[in-house]
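These are the structures, in structure tokens.
In what comes next, chain A is part of two complexes: it sits with chain B in the first one and with chain C in the second one.
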Partner chain A sequence: MTTIFLFALLVSALSAASAASNYHESLNLQPFPPSSLLASFNFKSNTTQTSFEKQHFQYFPRALGQILQHANTRELHLRFTTGRWDSESWGSRPWDGAKEGGTGVELWAWIDAQDDETAFAKWITLTQSLSGLFCASLNFIDSTRTTRPVASFEPAGDHIGSENLHLLHGTLPGEVVCTENLTPFLKLLPCKGKAGVASLLDGHKLFDAAWQSMSIDVRPVCAGTDCLVQIDQTVDIVLDIDRSKRSRANPIPRPVPGDKLDCDTSKPYHARDTCYPQENPGEKAWSITELFGRSISGSCPLADSQGSDGTVCLRIAPEREVRPSPESVETRSSDEFTRCFTPPPSTAFDLAVSEHKIQSTVPLDEPVLYAERTIVGHGQERGGMRIIFDNPSSSKAVDFIYFETLPWFLRPYIHTLQATITGLDGVRRQVRTSEIIKETFYRPGIDRERGTQLELGLSVPPGSRVTLNYDFEKAILRYTEYPPDANRGFNVAPAVIKVSSPEAGRPIYLRTTSLLLPLPTPDFSMPYNVIILTSTVIALTFGSIFNLLVRRFVTAEEASALRAQTLKGRLGGKIVALRDKVRGKSSKVE
Partner chain B sequence: MSEKYEDQGSSQATMTPQTSASSLPPPEKPSAIQTRFRVVAAFWAVILFLGLPIWWKTTSIYRAELPLQEMLDWAGGKSCRPVFPVEIRFEIPSLPDIEAQQLLRTTQHTLDDLNEFSAHHLRLKLADEEAQQAIEKADTALTVRLLAQDDLASPRSELQTDSTTLNVFYPPSQIPPPASANSPLSSFIAGELQRLFAEEKATVAHILSNNAVGAFTPSSNSQAQQISPQLAESITKRLRRSMKYSETYHLAFSLFTPGSAPSSWDIESAVQDYISPIVQALSPVSNFIIDTQVQLYATFSPTTPAPEYDETQGIWTLKEENLSAFINAAEWPLNPSIGTGPTINFILYVPSPEHFPLLVKESKATSWIIPQWGGVFILNPPLPTRPDPNTDTDTDTTTAKPLSNPPHLPRTSLRPAFLTFSHQLLSLLGTPSTPASLPLRLQTLIRIRAATLLLSASSTLGSLARLTESLPSIPIPAPVAFSVSTTLSHLSASCESLRNGRFQDALASARVAETEAERSFFEKSMVGQVYFPDEHKVAVYLPLLGPIGVPLVLGLLKEVRRIVVGWKGARSA
Partner chain C sequence: MPVDRRKAAVFGGALALRLLLLILFPSLPDLLTGRVEVSTPVTSFKRLQEGLFLYNRNVSPYDGGVFHQAPLLLPIFSLLPDAQEYPLPTALFYSLVDLLNANALVTISDSAQAVSGRLYSSIRKGIKWDGSVVAAWFLFNPFTIATCLGRSTGVFTSTGILYALSAAVQGQTLNSMLALGLASHLSIYPALLFIPLVLLCYDRQAERTGTTPSTALFVVKHLAVFLSSIAGLLGISLLIIGDFSTLLSATYGFQLLVPDLTPNIGLWWYFFIEIFDSFRDFFLGVFWLHLTAYAGSLTVRLRRQPLFVVTSLLGIFAVFKPYPSISDASLYFSLLPLYRHYFPLMRYTFFSVSALLYASLLGPAFYHLWIYAGSGNANFFYAITLVWSLGLSLTIADTIFAALRDEWEQENPDKRGKTVKQV
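Let's turn to the complex of A and B:
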């Protein structure tokens, strides 16, 4: 439902956008019981292809536009994501997963170039420039982290007359997304986060969320021959209502005092010191100011709100009471759960939602597929990958493309790929992989040059769980290839799953979580130890051999006689004699 | 070892301990001494002939040969003495050839008398002489057309602003007689020419004398006296604020406003009308890439003092000393354009209606140049009828309603701003302010740029030479040597072109020389290993060399002593 609702908004925004340069923004709020809230921000602006090429930027950000032109990029998708989408309690993903990326940073782009080498050179230019623009380590996307997916992505824009488009895809699973990425993101907006719904975006709250994803999509949209370049920026966050409502004065979580606990008093053992927590506490009351720490400061005057019901939309149970700020206009959509509000142009806008004991809930969409990927096995040398797909539908099989990129130091043995299936009857059985895997695209990695790319076309029967397993070997890196925190492990990028759904038209995307691969790590003081140890060994052997060769061997007596001849020997002898004399032992000398 | 020891012990076991204590071992066999000598020699031979070369080969850094002396000569101005022979063509349709020649000769003579700066001089040519010198043709800086006009008492000149032609009208009576050395007409022409090129001459003199190459311009002092202090100051100012020369410049026009309006402007036609012609005219010097943007909600940085209200004049003012903080570099997206070449920023700032109108306090100006960065123009657009402040009372809520800027800036209101921007562009590029003719000024720009590039490339070469001399531990890769030789050849080509008066070619060569010089100076692999501390070397070598070196050296010393003793014994014997 959420997806259809969001999609409808998208379509309406698109139809309004067909004319010329314009800007559109929206915010959708949907509480997930018991205490989470999904906030989807969307900002969309257009510019005509001609003014884009002449570099006259109005709503389109100049910095990004110039980078795209410099790198011959026709379509760009950039994602910054942290956290994990909990599909068990939150349902299907916003925007059908089309606007989220794997943990860390994910970037894919269609680049217009003559051949593969030029495309890769342009891609490097693109990543370097974006790295500077977004303060992210995108410049670390090198050939080992770049892949060219075959079936997993399709261009979202209309590319007319561009024959030589190259799709390149890169991920940085270890990148930590934070405020320094949000600030440049906000600077790309025409209203700069100072007016309109973007004024809610604050690094403190945004990166405190349970899950968040920022995306930037640039694509050409053509109607006939006149083309627009569209930039679509979204921020999706799932806030924990309790956590966000915690006051700034008391930011450290402390145990709730006994008298404030929400106890089930009907239990016989309920007493002052025993408490049985309420089972269904219902949904909490909240308001925008409480959650985001600020209210929406008016509306962005550039945004044209025609063609949509309002800027701020809420999807809650119909009987729940909502108190918006005065002067705002409320529209109820045909869908009974959705209410939209248009904030007043220049005054602050807030929205308060009442407490809600569970009577009716907004139905959550069930995801079409659950996917989970883990590393199994033990030891420093080998390991295994296990991917579990769950088809929740009892009637329809799910066809999808599974795409994963593995770093070169993880060497998979594809011949060990095995599939087991657990059907509706709950019996687990091994099947031939060809029964599950319809097609395979496998590009083996080359050490230090490129990673492994694996794309599988899979089909999971209704109500079944399919488990894929394969073994891999861990490579030993060179001394300088280890990062400073080598013992933490190495990030393996999340797998991307593209479910083609014929009814929605657009594919649904899912991503697994990123993995942490422990590699054998050496002792990093090794080189100095090696120098010292080898030097000692060489010095020892050399010294003895050299002495053996050049020394003259005499008996001990001869040696002392020889010593007596030399000045040192005579001096030494006299000193000994003197000492003995002093001690009264002169008789013993000679 | 122990076995051998026992063997020796057993061979002497026949002696009693008492006698053996004082007895010496038998003298060593010569063969044993010989063997020991050979062993020591073999070890040292391996070290000297195998170890040292390998060590040398593996640890040495590649230093390409650089023509250091030649580079230093360029930097010191010993290799090239930039001269600027500016060629001026005369078209004298009304005079016969002989008389024209005579006029030319006297004018040239007067000019040479007037000119005290030898590096820059004007060469007069008749238009038809050109055919003879088709091969080594110099660029013509100016065409002087002499036109006879009867009703004139004294000669009169007229410079065409859109071409490089100076029309001189003269009464026919003033044609100098063939024998005379001087005439009012020729001194008039000479004076006019001198005046036209005065600023250029001063600029060239300034550039040459400022670049430590001044040693070769002994006349610069007298030249400095010749130019007025105001002119000298304006030249210094212009040179200081002008951008570093580049083949490509990005021009970024930005509309900034603290509120949400205006959000659009007629930028395309404004650029077309006011900027494109200049860019077209400048195309022999540099290329320009234009981009524009609109940035709303651009507030001042919190540290900038807010505009003050001037009650007496009803205006908002910015103090001149605060103008440097006007640009909020942290928040305004003014990142340089991507691609080669520097960016020149032009900012059109529309103040919020509360701060209307906004002016600079001291001068009441609305625009200023930020040296080597760009220009700012404050545009106070006409607001919808402003309520009279006298009738505006607290109760009157309708008129007190906040005014707003117009949502769109039409071409007419952009006109003053873009005229200012075009002027700012010219002065940021270092174009002189006189004479009136733009093509003439651009030619001057070419000469000035050629001179600056020549000097800066030379001084970069000098720095590179000094760097190589002072840091013996940095590697010098082959591309650097190649760049240096390219620089040197282009520098001499540029100098040669200057001497022949072909300034376009001189600029082209100097451009290449400058890029190559910069490339060689900023070569990455040179910078990388500048510092490899000696402690590291000690830490790596000492554990090995200590234990091995001591027995080796001692063995060598012993052998040397033995040989010396033996040699002395042989001599005394």
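Let's turn to the complex of A and C:
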């Protein structure tokens, strides 16, 4: 439901935007019982292709536009994500996962170039420039972290007349997304985050969320021959309502006093010192000011709000009471759960939602697929990867593309790939991989050159759980190749799952969590000792063997006779004689 | 014939022991395949299977970081059934290869080249083990059994080397060069055995025909055979794998430049983990130069005993080659019993045997402490590899001493048994 709602919003925004340069922004709020809230910010601006090429930027950010032109990039997707989307309690992902990235930074782009080498050179230009623009370590996306996915991504824009498009994809799973990435992100907006819904975005709150994802998509949109370049920025966060409300009055978490606990008084053992927590405490009251620490400062004057219901939309049970600031306009959508508000142009806007004892809830969409990926095994020498796919539907099989990139120091053994399936009857059995895997694209990694790329076309039967397993070996690196925190382990990028759904038209994306891979480590403290000890062993062997080879044998008597004849032997004899003389004298004196 | 019956008993017993171990402990082959002492990046059976998997699906196995073995192995192993499902045929195949190696050893031993050749005949030639004892030392050596069950592809190199030797002592000089060509193609280092081996061939031919043909011409002719056998094998490889430059850089380039630093019992891996980046290429050159330095000098000094030079060189390779495993050590230990008559002349037998036993018992324990238990670090295993290398090189130096002493006593019969010094 959320997805259809968001998609409808997207389509309406698109149709409104197709004329010429304009800018549109929106905020959708949806509480997840008992105490989470999804806030989806969306900012979209257009510019015509001709003015983009002439470097006439009105709403489109100039800094980004020039980078894209310099790097011949036709379409760009950049994601900054932290946290894990809990699909068990939050349902399916916002925007069908299309505006989400794996943990850390993920970047993919279609680059117009003659051949693969030029495309890669342009890609490096792009990552270096974006690295500067977004204060992120994107410049670390080198050849070992770059892949060219075959089936997992499709261009989202209309590319007319550009035939030599190259898709390149890079991830930085270890990147910590923080305020320094948010600031340049807000600078790209026409109102720079000073007015409109973007004024709510504050690093302290955003990066305190249970899950957050920032995305930037640039793509050409064409209607006939007139084309627009569209930039679509979104920020999705899942806030913990209790945690966000707490930080104002009482920043340090303390235990709740006994008389303030929410107890189930119907229990027979309920007493002054015994408390059984309420099973369904209901949803708490909240307001925008409480959650974000500030109110929306008016609306961005550049935003074009025609053709949409309102800027701030709330998806909430119909009987729940909502108190918006005065002067705002409320629109109820035909769908009974959605209410939208248009904030007043120049005054602050707040929204308060009442407490709600559960009577009716907004239904959550069930994801089409649950996916989980873990490293199994112990020891620092080898391990195994286990990927579990769960198809919740009891009637339909799910077809999808599974895409993963592995760093070169993780060496997978694809011949050990095995599949087990747990069907509706709950019995686990081994199956031939060809029954589950319809197609495979595998590009093995090369040491220090490129990572492994694996794309599998899979099909999971209805109501089943499929488990894939394969073994891998962990390489040992040169000691300069380890990071300073070598024993923490190395991050492995999340896997991307693309579910093609014929109904929605657009594919649904899922991402697993990133993994931590511990590698065997050498002793970092003693390179000199190792060099010395190894060289000693070599020198000992070399010395003893060549000593045997170059010298000749003589008997012990011959040896002493020979020694007496040499200069050294004669000198030694003289010294002995002298010593005896001196000794003899000194003894005489005594 | 009594001798043949003994040989049959040794061979049958060895085969039975291998199959019994496989049946009693079905997980043993996979355990041994995973051990760093048995499988190196260039001989690992698991890597071979990965290469085979890619090869059977028409993906180039060399376009990746896992498979670095000779392409000849791919068609051979694709004939065998999948080792994961049917382990018995592969185990049987490896056991038969072991028996072939033992057979070659019996031939070498029976030729008595170790005790008396064309130019040199030991004064202790009475002290000698016969072929079946030598074969038993090889077949019942725990290192050989572990290598066989661990299905290391290093045994094929051993086969090439042993057949080169057995053909040489029988006077089949061309066969010898072809076998050495195969061994050098599989793993590059046996090419260093060319000089002593061609001298062995020359001595045998001179002995048989009673003439002494021109040495230079003989060497050049055999070098041509050797090189063309390698070229022929490369040609076959080219037919199997289309891309020649990838093939060369993934096999020979890999063995020469040592990019994979997986732990093994040798000295290279930890040194090249710890070496500073700017010195890496220099020390790579130094290590290779050091390895090649022995071939020429040993041949010059021990010209009269080319078979002994080959034996000592194999020992040196087992210590100093980039990716050594216990398979290389077992090859050296299989040739040592041919020199039973030198054992009385060796000085540090107890010490070197103790060092080797100490290292082979503590090595797996220290590796476990480092990788699995986490209570030790890399230095534990590194220290054991140092002890192992010292023990082996002590043995090698000691046998060389014994050989030189034996030569000296033969030249000076009056000084036999006296204390000697080297000047």
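Some observations on this one:
The working rule: the second predicted complex is superposed on the first by the 528 of 590 C-alpha atoms of A that agree within 3 Å, B and C clash if a C-alpha of one lies under 4 Å from a C-alpha of the other, contacts with A are read in each partner's own complex, and residues count from 1 in each chain.
In this text, a residue touches a chain if its C-beta (ideal position, glycine included) is under 8 Å from a C-beta of that chain, and two chains touch if they have at least 3 such contacts.
Here the structure is a predicted model, which is why all the values come from computation and not from measurement.
Within the superposed three-chain model, A:537 lies in touch with chain C and out of touch with chain B [touch as defined at top]. In the superposition on chain A, A:571 makes contact with neither chain B nor chain C. In the superposition on chain A, A:547 makes contact with both chain B and chain C. Once the two complexes are laid over each other on the shared chain, residue contacts for A:555 go to chain B and to chain C alike.
In the superposition on chain A, no contact is made by A:516 with either chain B or chain C. Once the two complexes are overlaid on the shared chain, A:382 sits against chain C while remaining clear of chain B. When the shared chain is aligned, chain C comes close enough to touch A:442, but chain B does not.
Of the two partner chains placed by superposition, only chain B is touched by A:191; chain C is not. By the document's definition of touching, neither partner reaches A:271: not chain B, not chain C.
On chain A, the surface patch touched by chain B in one complex and by chain C in the other comprises residues 531, 534, 538, 540, 542, 546-549, 552-555, 558, 562.
The part of chain A that touches chain C in the complex is made up of residues 378-382, 408, 411, 413-416, 442-448, 452, 475-480, 520-523, 526-527, 530-531, 533-534, 537-538, 540-542, 544-549, 551-556, 558-559, 562.
Contact residues on chain B toward chain A in their complex (touch as defined above): 1, 4-5, 8-9, 12, 17, 20-25, 28, 32, 36, 39-40, 43, 252, 260-261, 263-264, 267-268, 289-294, 296-298, 331, 333, 335, 337-339, 539-540, 543-544, 546-548, 551-552, 555, 558. Contact residues of chain C toward chain A in the complex are 34, 36, 46, 49-50, 52-54, 59, 63-66, 84, 259-263, 267, 269-277, 290, 293-294, 297-298, 301, 316, 319-320, 370-372, 377-379, 382, 386, 389-390, 393-394, 396-397, 400-401, 404-405, 408, 415, 418-423.
Residues of chain A that touch chain B in their complex: 51, 54-59, 61-63, 66-67, 70, 129, 133, 187, 190-192, 194-195, 300-302, 528, 531-532, 534-536, 538-540, 542-543, 546-550, 552-555, 557-558, 560-562, 564-565.
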